[in-house]
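The two complexes that follow have subunit A in common; it is paired with subunit B in the first and with subunit C in the second.
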Partner chain A sequence: MGLETEDQIEVRDGVDRETIETVQAMAGKYKHGWETEIETEYAPKGLNEDIVRLISEKNGEPQWMLDWRLAAFARWQKMEEPRWAMLNYPEIDYQDQYYYAKPKSMDAKPKSLDEVDPKLLATYEKLGIPLKEQMLLAGVEGSDEPRKVAVDAVFDSVSVGTTFKEELRKAGVIFCSISEAIREYPDLVQKYLGSVVPQSDNFFATLNCAVFSDGSFVYIPEGTRCPMELSTYFRINAENTGQFERTLIVAEKGSYVSYLEGCTAPKRDTHQLHAAVVEIVILDDAEVKYSTVQNWYPGDEDGKGGIYNFVTKRADCRGARSKVMWTQVETGSAITWKYPSCILRGEESQGEFYSIAIANNAQQADTGTKMVHLGKNTKSRIVSKGISAGRAQNTYRGLVTMHPKALNSRNYTQCDSLLIGDKCGAHTVPYIEVKNNSSRVEHEATTSKVDDDQLFYCRSRGMDEEEAVALVVNGFCKEVLQALPMEFAMEAQSLVAISLEGSVG
Partner chain B sequence: MLEIKNLHVKLEEDDKVILKGVDLTVEAGKVHAIMGPNGSGKSTLSYVLSGRDGYEVTDGSATLDGVELLEMEPEERAAAGLFLAFQYPVEIPGVGNMTFLRTAVNAQRKARGEAELSAGDFLKIVREKAKALKIDAEMMKRPVNVGFSGGEKKRNEILQMAMLEPKMCILDETDSGLDVDAMKLVADGVNALRSEGRAFLVITHYQRLLDHIKPDVVHIMADGRIIKTGGPELALEVENNGYANLLAEVQ
Partner chain C sequence: MAVAQAKLDAAVARLAGLDLPQGGWSGGARADAVARLQAMGLPAKRDEYWRYTDPTTLTAATPVAAAPFDASDEAQLFDAIDRVRLVFVDGVFDPAQSDDPVAAGVELLSQAADIHWAQGLYGTLEARGQNPVARPLAALNTAAATEGVLIRVTGQVAKPIHLVYLQESDTSDAILHHCVKLEEGAELTLLESGPGAARFNQVLEVEVADGARFHHIRIQGRDHDRRLATHIFARLGAESLFKSFTLTANGVMTRNEAVLELTGDDAMAHIAGAALGNGDYHHDDTVFITHAAERCESRQVFKNVLRNGAVGVFQGKILVKPGAQKTDGYQISQCLLLDEAAQFLAKPELEIYADDVKCSHGSTSGAIDDTALYYLRSRGVPLRQAQSLLVLAFLAEAIDEIEDEGIAGEIRLRLEAWLSRQDG
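Entry: the complex of A and B
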């Protein structure tokens, strides 16, 4: 829109404007609810050892990988689904769904995106991934693009393709699907897989270990600043199919990478399961930024359909002075169960968690973080903004622990909840354990309602009610929105507004 | 331009009656002032005109250029050209002052079927008008009214008015909290906007503001009614003698 901006703030202002325009231009609610008509190959319904073997075979995995999966599956069968979260949903029938779905056209194992079924490529174009990303996705490098974003596109159970692989490889960076990494870089994968989120971690993570089908692998070598942003875009298309992706990021000493994750799914009447695991290993002086805009289908006004999102994400700041920053915007899913965590093992390592969680209509979110301080002089910061509307329930659940050896460590937590209407709920559940005398934990929490005076003030200046709510809520989330990379910030702002449509009046 | 007839207003949630038959007509191009004791209903009148929730109109009407205001949503009234400079401007954390202004300006333009201002044009106009009110770039970046001093908030209201170019401007005690120099800035801001097609309703307690913004008509409001209407001399009388005589006259 030809901004003549003079500084960052004014650019951000432009972003705000664009948000509001986007929202107004959008008549419907969930905009990614369409499906791609494509021939899909499914593994037989249900879950047993044969399915685990089949997934491993489809991915052409070595024996050690299969053994690892089978061990996880055996363990999972003895585990019980956790029920401690403030979430209310009917029993999930793990036998009544598919664990592997792949577009038939991917059988040919396309070597580059040029060979990929145009229908699949069109899907990503239609998903509103910015056109430049689309160009990048199609392998065309726009010469006047100021920024490049490499994309790994995961469609149901398989990665359709990854862009910029060659250019990244020149920098020593490996960015490919995890299935490819298992075949091509088995030593790296074997060394790190399960080293942050062990097989036994929790019910959903263990399930993921057994049946994960694809996801992304990132390796940044020592002293390397990744030359572009990396992103993975997850799309669930097939009906009745769970998506179990696995992401592994390794940042060697002194390296840096910013990684983005986006996700959407078609509107369906039935619930679909998504149980992902993300592991990040960060060595001395390295830094990883991981940003997510989670926009799975949230279900309809009455809570029919929508994704059940049970995700385990963890970063292990193994090295001294290593740093991780999680930023998440959670707008979708019928159920969100997600606690991106930081293990601050290295001395002076730092973890940050910025979160916006929006729950409207019948959505339920139980999300937060864990900051586990193990090393000396470690620091963490948590900024959580929860917004509830309709009949939704939104819980922040956070754990901060300072171990006996984590001397002189600091945590600051700020946790704000905003309520729109009077049928929704916001809950804050902080767990704090400090086991040494020199560390300090600060926790601040607020709960407020969208202020009528603010809305009237906006409206008296000419904004309609939804625009006023969008503006006020965006203001409420500002701190977190600003932590996102620019492209994501725009998408996130409009999502914030779209997710709240129909919440007023 | 603004015609208020026999306006009766009570609070929505209890039976307290605040406006008890207000009659007031403001012609285009004129400046009217309203004075009156604390609690007489001046702010209530301005809120009811701009559509704030919580009040019930039990009788009467208010029209802007012949169109009934009281049926409209607040944003429709704004688009129709009504503006209220709040006695207590509202803070909106996290929303940049500049963003707020641009959103407001473009919302009104859209509602009127006009093209939106480009970011560049908008910035140019805003900078110029902000400068006249001694509002610096820093203040434009800060969240709306958050941490603004009392005087800064009032100047910010005038900036909004200057940007929105309404035809009927209501100023509710915009002078309170202003130092002498700021008062002059605000008055200059208002005077610069005076024109044939625009009218002002200035609510104030003090003659000082009216020294700078010369009113054509002065009304005295007491206990929910306009009890006396006169020329600028009426304001001087209040300044010198208070309301006692005026109130006694009515009884």
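Entry: the complex of A and C
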């Protein structure tokens, strides 16, 4: 990178020793790559109607849910896998996967967290996600007032437990696994499931409709501000198993919720499939913040193994003045195919999308958003930061459309790409459709490399090259990192450093 | 990906309906083009690069009838410039209205000798330009073109060459294919004007050798009914210059594609367009610029002013190949929507495989700035004039891409005249 000295830099006065140690400790490793040894029960390999029936039966679902799944499955069989993304991966054999895996110890549904298999609890503890109500997420100890975070933990195909359920119930908030919601709140689920991402939406979403096994359900009643952050933590553990989770969030009039999502998986040589669907319904004056730190196993340096992440996420701002904010930090996965979208239907509704996508080694990411302006005076903002290193390919793909009736609407899009090394690629594919003249749409994109002057400055202050790059990159991402809830911002910042490890020098 | 059988069948049927020229020096290239077209099929509305423009009327066996436009109420284009004028009526060369092409060093495709320098160029750049995005109408053109000019330049050409396209028949279906070869250090200005035919399919292949300079200024006139599909394929050598500007004022269907490849270090390619649309007008600029050498610069500047349901489309792409370090790529597409019914659809793309590059693109769309309008009105400028002024200012960045001040001045005057007409 234009600097002659490759020597190991001595830690000098004025350099925070801790910073360097932290960076070194994290370097070179996907730190969530371990596996929990736990007895697992699988459904037979492959995908057919019987598997769909089995999943439905395991979850104790009513007939309408099974019918819905079977209709989706019939449709899926006639669909073709989309190939328009700038992604290169071999044909996926959908019959060579397990579609359902659950820890044996979950056979008898635990009544409370105290009954959950300690091995499972330990797994989440190791991930920094304590499933105990008195504890808080790592990284927030220092804050003045301890903040509570309710967690729904999904392990392979099942939810192992949800914390703070009682406290939330007092506020009228429903937070539980989707399988439980289908049993306990069928009216709500039936009303909203598939109303944002219809069964026929796309190949992966339709597959999800047929085989989703668990996920989270959130319902915030009218006028309620959810008393704590809600969070779902997805862990894939079993081998050759796909994870298909489904999340449904309903924010009634005047409510507010902030929702966090995290994901990890063990290191394995084979690719694993993850096809999730997230649906969010937002009514008048309600606001939902949805933040993701996606850290699935990215595969090794040569692209062996890693998660194939095909995700459909969509928020429907149905009510007037409703608001949604997507924030994502995408550092993991061998393949990322993900476009969290906002349907701005209600008048004066707002959609925001903040994204950092990091692709290193042989990773490929094709990600972005859709802002569909249907209502008057709607506003949207897109800030996307793509970073490519190694031999990775990183694509921003987005759609902004202003319908004829979306008068006086505004969109501002900024997508910046950063290239580290000359073997990677950074691409931008925005679609802009303006069908009325009172709306304003602005789109800006830039591509550049890590600035030599900035690097030199950091180096001259005693940082080593990798650390300097991490710092510059963190600066590049700052706008997005700031949009994350604090718990995630810390994790995300260190992830940025880890993901780029080995990309310079 | 499997090509839909319907598209392939359509290509076979379309070719069968044409009287394809055979043999001669271009025979091989034409046969290759037929094979290419049969393999890719005709464009269909579902194709990624036709999502915003319906190709049906451009691919149909017969053109939609279009009444010739009477432009006798305005001065001839480029009349003030000393130039070589070559006239094509409904796609057929008309010696009576033209200057002597031979004296100007221009050959006609229909009259070229059996052994010809253009053999290495005809259809070659078009074929290169089919990857990664298929351009079936260009392959169709190579296979079926009946006329065009072949220009080879070794020094500096004294006068600009002006190709004038006139339409007389309301069912004419013209296919023209031009080849321009600029040898090392040569320079040429090529002017084009007119509608040309009810349906007009044109390909321009330009080979710009090291250090050569090519200027291209094109005016697609006010005529309303015609349908137009043009392609420019250019390959640029080291330290060469390519500049192209197109002014389009109405027309029910216009698709202007440009495929530029910078293959020599330090080359420079600028392409600009200004379009005025009113009513059932559809205008599409599709640009693909490939940077395959170091320290090259490319600029795309496209401006649309639309009203009354007119549709503007911009699909621009910068591809930076591995090793094309120090690339400077810039792209801007902007649209002024003068009323509620107009639409602007854009897809500005970047695909970058080199790290030491500076690439950016911007795209904006919106109405005329009320504050600016208010300011002008408060200074006593009448509303229409104030609007025209702001529209001209908006288009200025594209017109500024024309190097020759005389020509740029003429274009500005012409625009003003057209704008005042549209205001009615």
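The definition used in the following text is that the second predicted complex is superposed on the first by the 467 of 505 C-alpha atoms of A that agree within 3 Å, B and C clash if a C-alpha of one lies under 4 Å from a C-alpha of the other, contacts with A are read in each partner's own complex, and residues count from 1 in each chain.
Going forward, a contact is a pair of C-beta atoms (placed from the backbone, for glycine too) under 8 Å apart; a residue touches a chain by one contact, two chains touch by 3 or more.
Bear in mind the structure is a predicted one, so any value in this text is a computation, not a measurement.
**Q** Scan A:S439 for contacts with subunit B and subunit C and give back first, second, both or neither.
**A** A:S439 contacts subunit C only, not subunit B.
**Q** Look at A:W84 in the shared chain and tell me whether it touches subunit B only, subunit C only, both, or neither; answer first, second, both or neither.
**A** It touches subunit C, and subunit B stays clear.
**Q** Should A:K449 be classified as contacting the first partner (subunit B), the second (subunit C), both, or neither?
**A** Only subunit C; A:K449 stays clear of subunit B.
**Q** Which partner does A:M463 reach: the first (subunit B), the second (subunit C), both, or neither?
**A** In the superposition, A:M463 contacts subunit B only.
**Q** So, does A:V472 touch the first partner subunit B, the second partner subunit C, both, or neither?
**A** A:V472: touches subunit B, not subunit C.
**Q** What is the contact status of A:K423 with respect to subunit B (first) and subunit C (second): first, second, both, or neither?
**A** In the superposition, A:K423 touches subunit C alone.
**Q** Per the definitions at the top, what is the overlap between the subunit A residues touching subunit B and those touching subunit C?
**A** The answer is that subunit A has no such residue.
**Q** Please give the residue numbers of subunit B that touch subunit A in the complex, ascending.
**A** 50-53, 73-75, 77-79, 83-84, 86, 89-96, 98-100, 102-108, 111, 118-120, 123, 141, 143, 160, 164
**Q** Spell out the residues on subunit C that touch subunit A in their complex, using ranges where they run on.
**A** Touching subunit A from subunit C are residues 1, 48, 322-323, 325, 335, 337-340, 342-367.
**Q** In their shared complex, at which residues does subunit A touch subunit B?
**A** So the residues of subunit A touching subunit B come out as 1-6, 9-10, 12-14, 16-17, 20, 451-454, 456-465, 467, 471-472, 474-479.
**Q** Name, in rising order, each residue of subunit A that touches subunit C in their complex.
**A** These residues of subunit A touch subunit C: 83-84, 86, 404, 407, 417, 419-449.
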